[in-house]
Every structure is written in structure tokens, then in C-alpha cells.
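Note that chain A is present in both complexes that follow, paired respectively with chain B and with chain C.
What follows is the complex of A and B.
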């Protein structure tokens, strides 16, 4: 393989004689050696489930998991007939949009803070990392405990501050539960996002600010005129990774409300999970997974546009 | 947050110091806000069981029950959960690196037929988290006869973190001038020698970011483990720990004692690699 590579490099610098067939085959196969393992892993573990999922959505499957043959679009008809579907999809869009926007805004401020010089900055950076290192599930569980209607600390603090006069069962009311779960999702998204913004801030060369200062630009103008535009790649990457993660932030909802009461706090992923493993309706769950998948595909297109924009810059 | 209106050039020493103090104050408040849930976790883990049913709850344990941290090991197979999590996360990280490193390196250094298609495939698969495909994954594992095995968890974690790692490493390798390797070639090193002795050491921030990202993601993975594993001795921490609180029992103190046991090593790891992380994210994902 080594001399093959050497030949390839040689071919770039000097107009080599036309390579023989064996060489051409060898050259065509070299990439496979390097990319093969990744290709196999992606194909078997990521693409196969996609196909399996689509097949499932078209099959009739018994509650014990046995395939009873094809069902055509029946599962989809069932799914679209569910009264809960529209609210669940709308809630998912609100969930993703709300969390990503709030996360991005807070992270821009946090990134700025972590980039500024002050005593103890490293310790603050470490503290901000913690929710990233701690598992999302465990963070969700501690918030569930803090929001406990009986002995949770949130009620205790609010009682002590006389903001409420009796304990509130936060997670039992859909609206309040959604608010708190979105807050937890923002909380666990902040570390990664802030670090990407911080990394972005560190790529901005200091002389750009020097020039702005010489031109007499104020803080606000410098921020909106220089910092934000130069942060665009970081903001783009961070927000897109967030959209994907938040769309799939199953553990938060699963641990805190289980999508309940009823389906009042379900998103597409928890709804899909309940259809398969609670209602034993694997086929309809497959249909939900496909719909979920299409929603994500829309985001893939957004990401591809962003990526093309990124190549343009390079 | 800013305390001055005067232009930078005329800034005297005193306002600059005030600015620093205010920044530090805000910084420490932010740090506290990020730590509050985990402090609460710590205090709850130290409460005696009867105190947990008090209403309203207490801020600090009335009696610091350090024995919870001992008892938790016998209250549930925490050791087994830890071992499973560690095995899955470490193996998944190894598999991911073994697949991502050559792919990222080759695509960064060579133009070849199918390069664009490969990078596109990576980009597209980056869009999918296991959560979105869990029904398909479950059915696949049934078909492969891999349900209730650690192998299924390792494969899923490795595959779904691969795209991010390829992108980070690809960005990093692209940023390293080819000339450095060519110099090593001239000194008689082979391609592998140049890669391992020249390129990889410079790429450490990228490699560390890839390792940390994959390890943490696998360590935290929940839905596939919940779906695919059934035996108690094949459950990772994420699936095992919540069983301390079910409709039949509510040992919150054990839940959080076990959570802390699981969180602290990872937090320490993160603190060690924090510098690398910023460097890795800078070169890899943003450039």
C-alpha cells in the first residue's frame, strides 16, 4: 500500500505515463482500505435501522413482535387518525425551537463571559462544563426531585421567599411541566454550546478589535459589526448540533413526566416509544418514527446548506 | 455588564479593576448556578431516608448520613452497572477512533473519486441520533440476535458518534500543513511513521475532543440501552440507577449517591481536558 501511495503522490507532481489497469484498480481500492471500517459501521448500524424502520411502518406486527405480513399504509392511517398526533408534532416544534433559541442567546453571553479575563475564570469554566459531563438523565432526575411537590427544594425556596403560599405540583400540570423540562434541556445544552462559541471567539484575531478601536467603534457596534459576523460559523454549527440533540432529548421527558399526564407533554420521540413499548403497536410506532425522521430530514437540508456555506469559506 | 462609556484609549486603571471585579462576581454567580443541581444531588445523597419524606424539604441533611455511599453498593448492583458503562463507553470509543482516524486522515489528505459522496454520507448520518431510529435499531438487533448484549450497545454508540469524530478530525488534519509530513518522508519515515510521529501528536486536541465526546455520549446513552438490554447484569448506569426510584420504592438518597459516583470521575476527566476541548472545537468544527 505504501508504494502505491508513493506512486500516487508522484503522479501529482510529474505527468506520469498512463497507469496500468492493475495500478488503476489499486488506486481505486486504496480509499476503501482507509474508509472501509467507517463505511461498514455506518451502513450496518445507521442505515440498516433506517430501512428496518420503514419496513416496520408498512408491516402488521403482533403485540408479541411477530411479523404478520404487509399492511400497506394502514399504520400511517392509524397514526394520522390519532387525536394526539398534531399536538405532539406542534409541541415538538415548540420544544426544539424554544430550547435552541434560548440556548443560543444564553450561550453567546456565556461564551463572552468565559472568554473575558477575570480571577477564577478557569474554575468558572469547569463549573459550566459539569452538566455536559454529568449525564442528561441524572440531571433530569435531580430536577425532578427538586421539583417534587412534597419535599422538593424549589417549593421550599419559593415558600421561604413567600412567592407561593402552598407547595405546587409542578410536573403534574402540562404547561408548567413543559416550562421546567425546557429549562432543563436548555441547562444541559448550555455547556457544549458555550464552549463552541468560546472556541469561535478564540479564532477572532485581536487586531480586528484593534482596528475597530482605532476607528472609534463603541462596544455595541463592535459586537454587532465584528464579533457576531465572525462568530457565524460557530453559531451555525452549534445551533444545528443543538437542533439534532434537542429533537432527540428523550431522557429529560422520559425521566421527568414520561410524557404525561396522558400525552400532554409528549414529543414525537416519547410518543413513538410509548406506541411501541407501551401500546405494543410496533407498526404504528414505525410510522411515527418515519414521520419523525422526515422532520429531521428537513433539518438535514438546512445543515447541508450550512455545510456548503462552510466549504465556500474554506 | 460593562461599566464604562469612555472610549478604550482613555480608560484609566480604576474602571478596569471595577470591570474585573464585576466580571468575577458574575462569573462566580454563573458557576454557582451551574453547580446548584449537583450540590442538591450531593446533599440529598447524604440525607437519612426518613428525612426525604419531610415536607417542606430541608436544605441540608439534618444528619449527614455518609453510610449511604456505602449502602448503595449493596442496595443495587452498582458495581455491575459501572462495569457495563465503562466497558461499553471504552469499547465504543476505541471502535469509533479506529474507524474515524483513517477515514478522516485519508479524506483530509487526498482527493479521490467518491470523497465528496463519503463526506456527504457522514454529514447525513450525523443528523441521526439513536433516539430517532430506536424502533429500527431494536428490530435490527432482534434480526441479528444481538438483543441483550453489550455488543449491540457498543456498535450503536460507536456508529452514531462516528460522524462527529470524523468531522472534528477531518478539520484538524486539514489544518496541518502537508509539508510537515513531507519533511518526515524525506527523513526516511514511511507514511505510517509520518502519521504517528508527526501528524497525530499535533492533532492531539482534535483526538482528545473526539475521544471525550464519544466516551461521554456512550456513557450517557439511555434509550438504546433501555430498549435493547433486559438482564440486570447487562444494564449500564443510566438504565440501572433510575431503578432506585420506582412506584414501589423511592430511595432518592441511593439514586443520587450512585449518580455522584457515576458523575465525579467524568467531571474530573473533563476538567483535565478542558484546554484541549476548546482547542479541538476551534480547529475541528468551526474552521
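What follows is the complex of A and C.
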């Protein structure tokens, strides 16, 4: 504030051509006034938690929650010594890759459908939003019960169709459990992704299609030659946000299998939770959080590189 | 324009304060008058909050000037909450929890003698005092206890042609086979992550096994335990349990038991009111001692929850805590809590009040022979956590010895 006043005073009283030191500092600091709030916000909600996370991963924290000082890389050594870590990380990559790819493919189709003109389009659009509005935890719990060994509807239907001859405990077998949980994750990611795609589709001007028609391009040719390339920014955004979301997705796995049996359906996110609250090792859990953070960063950067995002920014 | 800017700055600062927990809502300040205490209680069921509300109202009426702020926490949130309290230095004055020894080790809580009158201290049943000690001093304040016995379905047993509940492991197996032939699940084995440590210990202690050896050192991979786990695995592999014990929780087993689909399962005093009655009040079941391998001795698993009183404001809260605790431990107040929740007493005076109920009496009678998990060891929580995650897998596909070796390793690492 003082700098501002000094500047005003300077402007009124001394019309000297050479600005004084105070004036120059004042002028240099002015932009900070405008950027400041944003910087404070970013520091507080983005940087500070990251710093705190890294700090936790370097500390020794007793099982009751008391901080007992720095531990150096000890938490990381412990983490990398866990037999379960590598399978968990590989499973996480499969989890993220599988869900995001399936979601994107389905959303491209769904977006196209929602973009088409047909009677009742508005109702269908609303219907697609529903799984998004419902709580993820609720959706996961509902699916858990539908898959229940004793009273689940999935087993009932499959039994009635004579596809299986006795109830299957779906969520107790790692492979089947992963399949079902990934299905639920796709189900809850679809609405957002389809709407991003739909928004992208609506930015494509009609005359491009007209030109293509005049040139005699068929449907397939038009789709791959025009629609898909013009959708690239939308696909890029949708997949990055999905990667991060799915990576950090906790409620689905926690509600449906709790990462079990053992660690056979854990991803890094549930594993992190178990380290803190089952193994009572908050420090090691912090180390897992940092590793998770780096994994996401690397994945997103690799993806951006593969998608040659610079061309989009231009 | 400037005002607009200040608004944004103010908003930013508010967020900053909110995130770092320095807001007005914080209760950790040293401004306490020593007469207001915060009590964090665990939710056992729907009756818990009304009970505490009434008790606190009564307490405040009889002790003018003193106030108790109650916060109820669900058991599934409890561990995370407690860690947050400690890390952000916002511990409650009194906490209702299932562990205390790591608080004692870290110097966070009062000794029992500092916050209880001698009369209350002398009323605790000696078994529980022993369980509430850390390094020879009592820190934990025994709150409720529970014991485990074998529940069996009398109708299914009759249908299967079994006359008496099983006393040995061999009888458990043959009984389960007969029940299975009669069209039900022989034995309900919950080794999922909810409480596998209790289920496993109930079997292991009746084979001479346990968590620690005679000198108090971790002995999780001892031979008796491996044999126990192998027996349970064999029950599962012979198809005598429900499918997938490694992912089954206790409530699923008892839901099936209440529906008359399970022959035997291990339960506690709360099982009738909490699991069986809501589903099927007319279930014809019996309660028997836990079967042992040889059939000669029958140990019972004991479980105890505690209250812990945290040090705050240089001991200014001590007097208020003492007043409230002595009030709670009065015979009529304690026994009212026990009857509403279906738990067993930790004090002599309340024990007499409860023995009138024939169902409860079986459990009260089993208490003196009960064995407890080593909760006075600060590493126990980490061990229990490791057991919950991994033990069940040994009943399915993993090698029992390998799984127990791994848990032993965790135990030694935790201290």
C-alpha cells in the first residue's frame, strides 16, 4: 500500500523524468498486487499440501500420531522393501490404463449419439448425467450388493439364465473382482467424459462437414479425417483428467473389496491408506503418496508428449 | 476495485487458516477454564448417543459449572480421527478407544491413579487392570469387555443327528460334515479384514498358541499357530465353511447364522442383540465353550475397550476429568451402559448386576478364564492391522507358515 501512495505522491509533486528508487520498486511490485491473491491461493491449496506430503514422508511418526523428528529416506527404504509394492504399482497401471481407454472409446460413441438429432434427446442427455450425480461410494456399494454371493441380483440373473450352476463370490476372486470394479469405474467416469466429447463435437463447424460431403467423403472417412482430429483437444483434456481421477480413485475399491483378499486388488491409493491405518506407519504411507504423485506426473507428461500437445497450444 | 481485491485476499487467507486448522473452531487453545472437557465416544450402536446425552445432562445438573462436550465417532472412522487429533494437537480430554499403550509410551495420557478416585480404582476386576498396564503402571481405564463363545444352531444339529456341541477340533470337523450333509454351512469362518485377529486367536489359544511366547516376545509364527491356521484352511478346503473365508466379515456370517444357514460360529454377548434378534428372534441356538484341539481345556477370548485421559494445559483438566469419570463408573451408570449395549462389566459392582440374565451369565462366567490380545504392547495395533490384511489369505491359497512369517516380521519391525 505504501508503495502505491509513494507512487501517487511522486506523480503529483515531482514531474522529474528520472523515477526515484522507491518509484521504480513500486512499479516493479505493482503486478504483484494483481497476481498476489492467485499466488496465495495456489500456494495454499496446491503447493503447501505437496510440501507437507513430502515432509511427512521424511518424518518418523509414531503409531499414536506423534512426530518424532526426521528419518531421512528410511520410509522410502521401507516402502521399496515391501513385497507387495511392485504388484500393486503394476495393478494400478492396469487399472488406470484399462479404465481410461474403455471410457474414452465408449464416450466417443456416446458423445456421437448425444450429438445426433433424435426425439427425446434431452431426456437421454439427462439420463447420462445420473451416474455422475450419484455418489461414487453409493454406486460402488450398490454394485457390491448386486454382486453378493448370497442375495446378489447378478448371481440370480446368471443362475436363472443357466449361465452358471452355483452362485459365484465375484468380489472374492482377484481377477473377477478387478473386472467388476473396473466396470464400475468406467460406469462412473462415462458421463463426464461423454459430455466433454459432446462439447468438443459441438465446436466443430458444420461447413467442414459440408465441404467433406461435397468432396464425396463417406461416413467413416469423415469421422477419421475430420471429426477425430478436430476432437483432439477435447480428448486430450478428458483423458488427462480421467487418468488423474482414476489413479486416485479410492471409494470404489475400498467399498467393494477393501483391496483384498490380502493385497490382491489394491492400487497405490488403497495401499497408501492401509499403510497408514492398518500398518500404523504414517511415514511410509507418506512415502507412498509421494511415489504416487510422481507416477501420475510422469504418466501425464508422457501422455502429453505422445499426444504432441504443443501443437494444440500454438 | 481495491475493496474487491481485499476481498480476494481475505478469502485466500480464510482458506489458508481453514486448511491449516488455525481457525476459530480449534479447541486446543490454552484458554480452557479447566471445567469444560471434550469427550470423544465411539458409536457402538444406535443407543450409544442417547445414553451419553442423558448421562452428561445428569452430570452437568449435579456438578454445576462443569461442562462436557460430546463428540461421537464411528468405529470405522476412529483410527483416522485419533491420529488427526494427535497430529494436530487437538486431543480430546477423554477418549473411548480400543488401545492406549502407544499413547502411554508417547507420554500423552495420565496414569489411571491421577484421574480416578481410589474407590473407583479398587472396583476394577483385576484381570482388566492387568490388561490396562503399560510398563507396570495402569494407564488405560477399562471401559467395557466382551468374551467369545461358540454359537451353534440346535435345529440344524438335531437334523444332522448331533446331540452335544463339539468340545474338540475333531468333533468340530465331523459335526460340520454332518451339518453340511443336512444342507447347511458347517462352520462360519470370518477371516476377512474386519476382525480376523479375534477369530484366529480364539482357535489358536485353544491349541496352546498365541501372539507372544512366555517371555512376552512375539511368537506369531510358532508351530501351534501354523497348525491352527492349517486346520482352518483344511475346514475351508473341505468345503465345510462358507465360501471365501478370506473376504468374509463377521456380520455376514452372523446374518447367515441368524437365517439358520450356518451350523456353528464364534460370537460374543452382543451377538444376540446385535445380529441374531434383528433377523430372526426365534432362532433356536445354544452357546458353548470354545472347542479346543485336545478337548481338555477351553480358553475364552476376552476383549476390552478403554477410556484414556489426555494430558492438556499442564494438568488443568485433571479435576474435571476425575469428576466425570467417577460419575460414569458409579454402579448404576456403568451397568446401564452395559445392558443397553450388550457388553460385559469391567467393575466388580456392575458384574453382580448383570449376572441375573441367563444369556449374559454364560459370558460373565467365562471372563475369568479369558485370554487377551497383547494390547499393552504399543506394537499391537500394527500387528493386528497386518493380521487383518493378510491372515485370511492363508485359509484360501497362501501357505499358512509363509503368511505367519510375514506377520511376525511386521511385528518385530513395529517393536
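Simple rule for what comes next: the second predicted complex is superposed on the first by the 259 of 314 C-alpha atoms of A that agree within 3 Å, B and C clash if a C-alpha of one lies under 4 Å from a C-alpha of the other, contacts with A are read in each partner's own complex, and residues count from 1 in each chain.
Quick note on the criterion: a contact is a pair of C-beta atoms (placed from the backbone, for glycine too) under 8 Å apart; a residue touches a chain by one contact, two chains touch by 3 or more.
Here the structure is a predicted model, which means the values were calculated and not measured.
Shared-chain residue A:48: touches chain B and chain C both. Using the contact criterion defined above for the overlaid structures, shared-chain residue A:169 touches chain C, although it does not reach chain B. Number of chain A residues touched is higher for B, counting chain B against chain C.
In the superposed model, A:282 makes contact with both chain B and chain C.
By the touch criterion defined above, A:64 reaches chain C but does not reach chain B. Of the two partner chains placed around the shared chain by superposition, neither chain B nor chain C is touched by A:223.
In the superposition on chain A, the residues of chain A contacted by chain B and by chain C overlap at 33-34, 37, 41, 44-45, 48-49, 65, 150, 276-277, 282. On the chain A side of its complex with chain B, the touching residues are 2, 5, 8, 27-28, 30-31, 33-35, 37-39, 41-42, 44-53, 55-56, 65, 110, 113, 116-139, 141-143, 145-146, 148, 150-153, 155-156, 159, 167, 187, 190, 195-196, 198-200, 202-203, 213, 216, 218-219, 233-234, 237, 244-245, 247-248, 250-251, 254-255, 269, 272-273, 276-277, 282, 285-286, 289, 292-293, 296-297, 299-300, 303-304, 307, 314. On the chain C side of its complex with chain A, the touching residues are 5, 8-9, 11-13, 15-16, 19, 79-80, 82-87, 102-103, 105-106, 108, 192-193, 243-244, 246-247, 252, 256, 378-379, 381-382, 385-386, 388-390, 392-393, 396, 398, 406, 410, 414. Taken in their complex, chain B has these residues touching chain A: 2, 7-9, 20, 23-24, 26-28, 30-32, 34-35, 37-38, 40-41, 44, 52-59, 95, 98-100, 102-103, 105-107, 110, 112-115, 118, 120-140, 142-143, 155-156, 158-160, 162-163, 166, 190-192, 216, 219-220, 222-223, 227, 237-238, 241-242, 245, 252, 255-256, 259, 262-263, 266-267, 269-271, 274, 277-279, 281-282, 285-287. In the complex of the two chains, the chain A residues touching chain C come out as 33-34, 36-37, 40-41, 44-45, 48-49, 61-67, 83, 149-150, 169, 171-173, 257-258, 260-264, 274, 276-282.
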